[in-house]
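The structure appears right after this line, and notes come after that.
Note that the chains take the letters A, B and C in the order they are written out, and that residue 1 is the start of every chain.
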Amino acid sequence: MNHIFSYLCNYNFYNFFDMKKWLFLCVSTIFLLFSCNDETNHAENNVVSDDENLMKYTSYINITNYKSGYYINISNPWNDYSLGDFYLYPDSLRLPEELENKSVIRTPVHSVITYSSTQWSVFLELGEISRVKGILESGYTDNVEIKRLLAEKKIEDVGIETNLNTEVVIRIQPDVILYTPYSTVPKTTIGELTGAMMFPFADYLENHPLGRAEWLKVIGFLTCREKDTDAWFNDIVTRYDSLKSLCAEVDFRPTVFSDLPFEGQWYLPGGNSYIAQIFHDAGADYIWKDNTSTASIPVDAETVLSKARDADFWRIMNSTNFPYSYERLSIENELYTFFKAYKNKNILVCDIRASGYFEKSEYEPDLLLKDFVFAFHPEMVESDYQPNYFYKMTNEK
Amino acid sequence: MEILKTKSLSIGYNDKAIVSNINVSLNEGDIIALVGPNGAGKSTLFKTFSTHIKPVSGLIELFGKNLNQYDNKNRAKMLGIVLTERPDDIFLKVSDVVAAGRAPYTNMFGKLNDIDEHEIKVSLELVGANNLIDRIFNTLSDGEKQKVMIAKAIAQNTPIIMLDEPTAFLDYPSKIELFSLLKKLAKEQRKAILFSSHDLELLLRFTDYVWIMAKNQTFMAGKSNELLKNGILKEYFNLKDEDNDFLLTKNM
Amino acid sequence: MKNRKIIIGIAGIILFGIMLFILNLFVGSVTISFKEIFKVLLKYNTDKTLNIIIFDYRLPQALTALLAGAALAVAGLLMQTLFRNPLADPSMLGISSGASLGVGIVILLTGAISGAAVSSFGWWSTIGVSLAAFIGAIVVLLVMLAFSSRIKNMTTLIIIGLMIAYLASSITDILKFFSLKEDIHAFVIWGMGSFSGVGNSKMPVFAISIAIGLFASLFLAKNLNIMLLGEMYAENLGLNIKRNSVIIILISGYLTAIVTAYCGPIAFVGLAMPHIARFLFKSSDHRLLIPVTMLIGMNMALFCNLIARLPGLDGNLPINAVTAFIGAPVVISVIMKRKK
């Protein structure tokens, strides 16, 4: 909710820059007020039959208006087939005849199972967490609210991705299961067993930070809160773009590389990956920026040493419960001490669990960006800025 | 001189005796055959003498001292065995096998000194196999392997040598050769030789004593020709009269 | 004359080994010239990245391979003679499975990834995986020692070792089944083996530990020779069978545990190298075989490390893949030769 609030607070400021977006918002707000209304049939007369994609930054999801509802099409990077086609239609209205045999999700959804924490964070943020009845891998979150709901049995843990607890899922009787689609893993048959609609949540496939963040709007569509999620997202876009444009003109772009090796092998983000884009937008040059992969690339230690030794910055992820320190790094592998970023103490670390990185950062790309801009070009950001995710590691021990 | 003596020895497994109250002795120069049907306990007796298994009750004394009071190394210098079991490593040389017999005498790295080398050579000469010394053990014939295993026991320089069915798998001439060798070892080298065998006719000719183990758990020891004369052998092996007579005449 | 052949043979192996070691310093993803390498060995200059690659990355890796190769090869030889089985190898005692289980518990159960972190142990996490592997290995080793001090029959021991190995890997499977994919990935990577886990700072401990085991193994030669004859004969020649097998298992298991803790489970070196040693020198004498097997093990590991890091691959091949490619044909040819 605070996103909505902050949007309203910044209303005047952004109004100046985002006329077009605000206009669009007004139009859709009015339209939405109509479509999620009770009782009336005359909504059908307000058919807006434009094919304009309501999702502006995504590559893998198209949402268009359809009569009083929406049509969603989800594609994938592996083949030409669609991952899913859905019609969203309000509960309160009669379903048009032609949609009788199609995949329809009645909105707002009442019982949802979410595969990832990023999804339920959006529900939580919107105040719609009561619609979530089941989540996966509940042991990996430290979120107080979710833990409370789990303890009160208002939400149930349904297992892990590769091993769903079928019986619990059946008992929950979800309307919709937001699952993570993979090219190699066959779709679970749980949908057939429970009658739930299997909705492929392909946010992770998006490589553009804003594209990935825009998926939060999907949850808005599912819960009839499109207005709010649109506002929320536009807010993000505004902040992100403004920072990005500030950084686009810098004279000096520091160099950066990322991650720690495992068993002598580094898995580095590809040049077109999510984090590589963030680096670029934050006014830095990622050492492997010329690589075209959107996923991870395996690189051996020698190559990393020779190419990244003089990088100005180093991003690492800390998955433990203890903060990293320079000494700990040197004990882990003395090769680390040779990197310039280590010597100059320019290591940017994220405490994954403490910061809720996997849960929230996807929907806060602007904050993620800001953390890096604060490191790369501190003059662009207020001096007392407290990073949310990535901070400069200072501990000696 | 008495080397080994048993006192009311009972042998068996898991405290269950299969033969009880054995009172025998092995003296230097003795050559003794252990006979009896399969399963009567011949191997058990061997295993008890070699301390592989413990006696159920009773004593075994070596040179007047309880056998179980000898430590491993000293016991190894007392009793050498030759079994039907053979090593099968494909690179083992004859010299390696015989040299192993010197193990109780060599240092912790098994280095062979001049004495050891001499003993090895002499042992092979005694069995008539010194031409085989550089051969790979696996390539020898059964008879040749048998000789080498005996040479090893000789190199071990023990007052007692026990052999389990040494003439099994040998042809008739080889059997004679082997028994002659055993007799020579007993008489010339002054060792006590104890072996088990089914070759009744032959062994009677070469042995001083026979120890009989029958299936009904009895144990009897006696001089070979006496056992023949007083009909005990005939009884224990269900010999037909004519066979017993035949043996008698052959062994006069 | 026999001795001369042996000396020439050993000299040849050592020479080959030195050559492989040097090659390991030359070859890698980053091309470095002859001149550069000699300059490094003369004067170490941390300002130059190439120096670091040679001295802090390739050198410790080559040393690790050398030591691990020697240790595993000897451990395998000990197993093969103890159990009188040409297919015996260090994993027969279930020690590598125990190590895997230890690592599995750390990586899979605590759900932490990247850098092998044991979440609740703070900075111990950095050596968490090695420690867990070592503890797992030692636990299994202790169990096997307890059994071997009570059981004379080698076949029984083999079966017990195999069953423990199966048990450990089943438990690991259960852990995998309930784990996140990233954790499984990390665990699988560990299982592929790596010689890069021992840096120059950890090298002294590693080297000394291995050296102790290798040195101890030299004293087993006589007893191992006697064991070749068979249990009954060995016992008759004065060998205390139980105590001997305990000591052999202890030394072999110790060497395996150390290597597995630092490098992950590495297969085929223990299995194939003793056979190469035997066939090269046509001997079963362990006084010769033990040191020779060490040398051959060193060479094999160095060779595999070389192949695994050939330039042209931006990443390295996992060690176990390479050892299998070389080891499997060796084992097959050994079996064929024995049949003859």
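Methods note: a contact is a pair of C-beta atoms (placed from the backbone, for glycine too) under 8 Å apart; a residue touches a chain by one contact, two chains touch by 3 or more.
What you are looking at is a predicted structure, and each value in this text was computed from that prediction instead of being measured.
In terms of which chains touch, the assembly is arranged as an unbranched chain of neighbours.
More inter-chain C-beta contacts link the pair A-C than the other of B-C and A-C. Chain-level centrality, scored on Cα centres against the all-protein Cα centre, points to C.
Inter-chain centre distance (chain A to chain B, centres taken as mean C-alpha positions): 85 Å. Each chain gets a centre from the mean of its Cα atoms; for chain A and chain C, those two points are 45 Å apart. Per the touch definition, chain A reaches chain C in the complex via residues 137, 139-140, 160-163, 259-260, 262-265, 297-303, 305-306, 309, 317, 319-322, 325, 327-328, 331-335, 338. For chain B in complex with chain C, the residues that touch the partner chain are 50-52, 72-73, 75-77, 79-81, 83, 85-87, 89-93, 96-97, 100-101, 103-104, 106, 108-110, 156. Those residues of chain C that touch chain A in the complex are listed here as 28-30, 46, 49-50, 52-53, 56-58, 111-120, 122-123, 125-127, 177-181, 186, 189-190, 192, 194-197, 199-201, 264, 309, 313-316. Of all the residues in chain C, the ones that touch chain B in their complex are 219, 221-222, 225-226, 228-230, 232-233, 235-240, 278, 282-285, 287, 338.
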